[in-house]
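We just call them A, B, C and D in the order they show up, numbering each chain from 1.
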Amino acid sequence: MCRWIAYRGETTALEHYVTEPDHSLISQSIHALEATASVNGDGFGLGWYGTHPEPGLYREIRPAWSDENLRYLCRHLQSHLFFAHVRAATGTPITRPNCHPFVCGQWMFMHNGFIGNWSRQRRQVEALIPDQLYPSRIGTTDSEAMFLAIMGAGIERPVEATEKVLATLSGFMNSNTPHDRLRFTAALSNGRDLYAFRYAVNDRANTLYYRESDKDDIVIVSEPLDSDHKHWVAVPEGHALVALAGERAHIMPLFNRQQEAAEYQRVRVQDPGEALLLRSAR
Amino acid sequence: MCRWIAYRGETTALEHYVTEPDHSLISQSIHALEATASVNGDGFGLGWYGTHPEPGLYREIRPAWSDENLRYLCRHLQSHLFFAHVRAATGTPITRPNCHPFVCGQWMFMHNGFIGNWSRQRRQVEALIPDQLYPSRIGTTDSEAMFLAIMGAGIERPVEATEKVLATLSGFMNSNTPHDRLRFTAALSNGRDLYAFRYAVNDRANTLYYRESDKDDIVIVSEPLDSDHKHWVAVPEGHALVALAGERAHIMPLFNRQQEAAEYQRVRVQDPGEALLLRSAR
Amino acid sequence: MCRWIAYRGETTALEHYVTEPDHSLISQSIHALEATASVNGDGFGLGWYGTHPEPGLYREIRPAWSDENLRYLCRHLQSHLFFAHVRAATGTPITRPNCHPFVCGQWMFMHNGFIGNWSRQRRQVEALIPDQLYPSRIGTTDSEAMFLAIMGAGIERPVEATEKVLATLSGFMNSNTPHDRLRFTAALSNGRDLYAFRYAVNDRANTLYYRESDKDDIVIVSEPLDSDHKHWVAVPEGHALVALAGERAHIMPLFNRQQEAAEYQRVRVQDPGEALLLRSAR
Amino acid sequence: MCRWIAYRGETTALEHYVTEPDHSLISQSIHALEATASVNGDGFGLGWYGTHPEPGLYREIRPAWSDENLRYLCRHLQSHLFFAHVRAATGTPITRPNCHPFVCGQWMFMHNGFIGNWSRQRRQVEALIPDQLYPSRIGTTDSEAMFLAIMGAGIERPVEATEKVLATLSGFMNSNTPHDRLRFTAALSNGRDLYAFRYAVNDRANTLYYRESDKDDIVIVSEPLDSDHKHWVAVPEGHALVALAGERAHIMPLFNRQQEAAEYQRVRVQDPGEALLLRSAR
């Protein structure tokens, strides 16, 4: 299970959220050992927006906790919107192109979760990537493939593009017997707006929290950075968090504005045995 | 341009051919600098057959010349059939899964060359890989894709499988305007038999040489290991070198046992102006 | 805290002890997470004796669990005497030269423990390395410095050389206020004989176990490879395990055959307050 | 032979000097292949001053030309004073701590050259590092040892501190038979002032050039970034380039303001045979 943080707000040095001793992502990933026996030692990455139109990216295959470059970079890089991610691989090799975040033009994406049975699902998921975006497929992860599929599904409306891809993936997951699982807790940004998603198919969704101090000042995390849980608002399963530039963030259910989604749910209600599935799709 | 060596013969320490000072692959790759301004510093790999049914593999993204592990391994690993490869990347990332050789079951493959316009050709080349082999697609190179396509084209007859894939690739290369180029100087083995290919489409083929001292004792190289060229037999363009276990190696033209290939050649003879193309494709 | 295993016996593939699923060093290092919250993700190393007079060495800075090369090597490398080590760094950088084992001529060494206050102790510990061995100081760890000091203290009598260095180090540890700590659970070999040590100053010694099935067949570990503790004999603190080629292993107390050691202990008895120190030196 | 560039001037993205296609350090290091058969593929580093009192550092063991992180960082990092360095190792291992630049407090240093016979000279050079700076000795290079020796020789007067260390090193070089060689073309900064040195003992000094467009706007390089040599002023052997903040840069001879240096030269004049040495010490 990966861990990640997305920040938007006052321009700040990344170290306050990524590398500093107490409540940062790195320290969290070490404390996490005791709690969950999950080590996030399979590479990590930073992505940040600065003055250049395209975001910067720093990805490494070493564990984040031992990377001396990371400490220097987080002290010196300043950004008003950045992502940081520590990886626990689920099968694909430990290479830099397989580390999060992923960048495509001005868009940036990172993910905690997986597409179950990836080696069998992979081909049809990659087929969702349009030809013109296929050169951006530089790694081999399920996460990067989903990102590029979303990019190709109408990224100018990010929530709908994501819903469209998730609906297709739900179909893929349910077309095998036994059904495959999907977990998708992800963040997406264009450098101004910030979107996060918590969704699963045939499984429980990984957690998603946020903390908003002002209308442009938001931290979104896969797991709270400190144990003071009252600071953190949990995003429910099957929901998106939308934090447009200059507006307060709001939580919205996935798949409820579209006929396609309604039908999607209707189909499922007809099959009362699939309770697990229902919960995740709602 | 990559460089490689394939060895079959007496079980020997790899160091004699890979790392030792004078005529090894590593020293060659450094001397090569003066001659060709080509640095093979984008990773390297070893593959070798031992007592285990599947070959061993050691691939690294550092330059071979500075890898202290490589020196130890080449001193201690002994094999009767091994491949070694130093890479000069042509666009795909420097990751271990993108380094040669590639292994699939008992088969091993390495390559010097490229598929031109890879980002546009990639999708249809990957489509040549059968579903059941697609999980073995762990990197993103053109070389690995060609290998898995060959594996899926009837690997029990390796020359025909390779011809089949090369014919398909020739079609791909010529379907774009302007035509794309293909260079394919490759080695393939199942641990007993050794095959090498020298082929190109719309381009000159990279060189291929071999030296045979006894019927089971053969060294095949992309470029001679020493400057004493009389030791080395050049394999002509458009030919395969076949060194079956227990037999002397022989050179055979590609595409001349099959009707498809015959026609392929006839077409070209009719157009004497396309000398470059002729030489490489036929 | 590092973990290690030393093996001598029938020539075997390293995988049985290093990488295989159940009771190997790698799997142990992952299970260890739950037990001790210690992650051995700061590099690892293999050292082995083969037909070449000097041992082979493979050291990497990535976590052992994600190194695909390691799996291939452990399947193909065979040895009658090998070391494997997974590192949890205690301050010195994560570099290959700082990974264990260390090699000097035909000797090999690995260590679990530390010299407390290393940045202050370092200079005088390095001064114990004789000039002619200082070129072998290619890393910056306390462990390598101790090894080279032992090499220079009369390595033809390994237990006495180690005692000599430990006695000197004890002096160093006690010359500061507050006293510094030393933990030294180490293995040493010349390719035939195997020595292991469990010692500490001003601290508890890290554990040391072994399992002997025949007179030349011994596995020595920092922590048992399986939970069936009755297979494993614990070596007491302040003792060495000596497994000479062709003889059964025996445990011997450190510092009791030499006048120097006797005096060393006498001095300590005069200071009854230093109970902790006494325990570790005995 | 390493290559480096030091920049001070308008705050700028590092890419203009480090990674961009035409006249940058990276492209230079590739063109350099043809000219000098020297590949700078043994790691690289960036050091830069920003708003934090201590400089940032990014050092990697891969060749600079294939590091995708480097391209992103050089696009996004902006600085008014930075160093960049590509390494060709001369014997010490390829590790991050052995890559330039080196940082100690607010000071930064990088070097092209070597101390000849380093494995024999090393111990006495390391002894020049004061105890309180020895914890900053995190690598094993001659370059880092010289830097820390200079730091300890009165860094508040950087030229004199450097002269003091170079005089001592000259003595070391000449105390062996045959004499050892030293090459020292280095840059040093505290974030405001910039110092560069060109010096050698028993050898020719490596080149040093600079280009000054305004009083605070200077680029200092080991080799010109473009072939238009009239832009570049060569610093003569045995000289320092001093570029204090807010002043025009000036070249000054080493060793001519101090009695110590005068005597140093007098001693040498008594030995007319050491012409080579004289040239380098002057």
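Quick notes
One rule holds for everything that comes next: a contact is a pair of C-beta atoms (placed from the backbone, for glycine too) under 8 Å apart; a residue touches a chain by one contact, two chains touch by 3 or more.
Nothing here was measured: the structure is a model prediction, and the numbers come from that model.
Between the interfaces A-D and C-D, more contacting C-beta pairs are found at A-D. Computed centre separation for the pair subunit A/subunit D is 44 angstrom, with centres defined by C-alpha atoms. Between subunit C and subunit D the centroid-to-centroid distance comes to 39 Å (mean Cα coordinates, whole Å). Multi-chain contact residues of subunit B, defined as those touching 2 or more other chains: 68, 93, 96. Taken chain by chain, the contacts link every pair, so each chain touches all the others. Per the touch definition, subunit A reaches subunit B in the complex via residues 92-93, 95-97, 119-120, 122-123, 131, 134-135, 137-140.
In the complex of the two chains, the subunit D residues touching subunit A come out as 13, 48, 50-52, 54, 56-60, 68-69, 72-73, 75-78, 96.
By the touch criterion given at the top, residues 30, 33-34, 37, 39, 41-42, 61-63, 65-66, 68, 89, 93-94 of subunit D touch subunit B in their complex.
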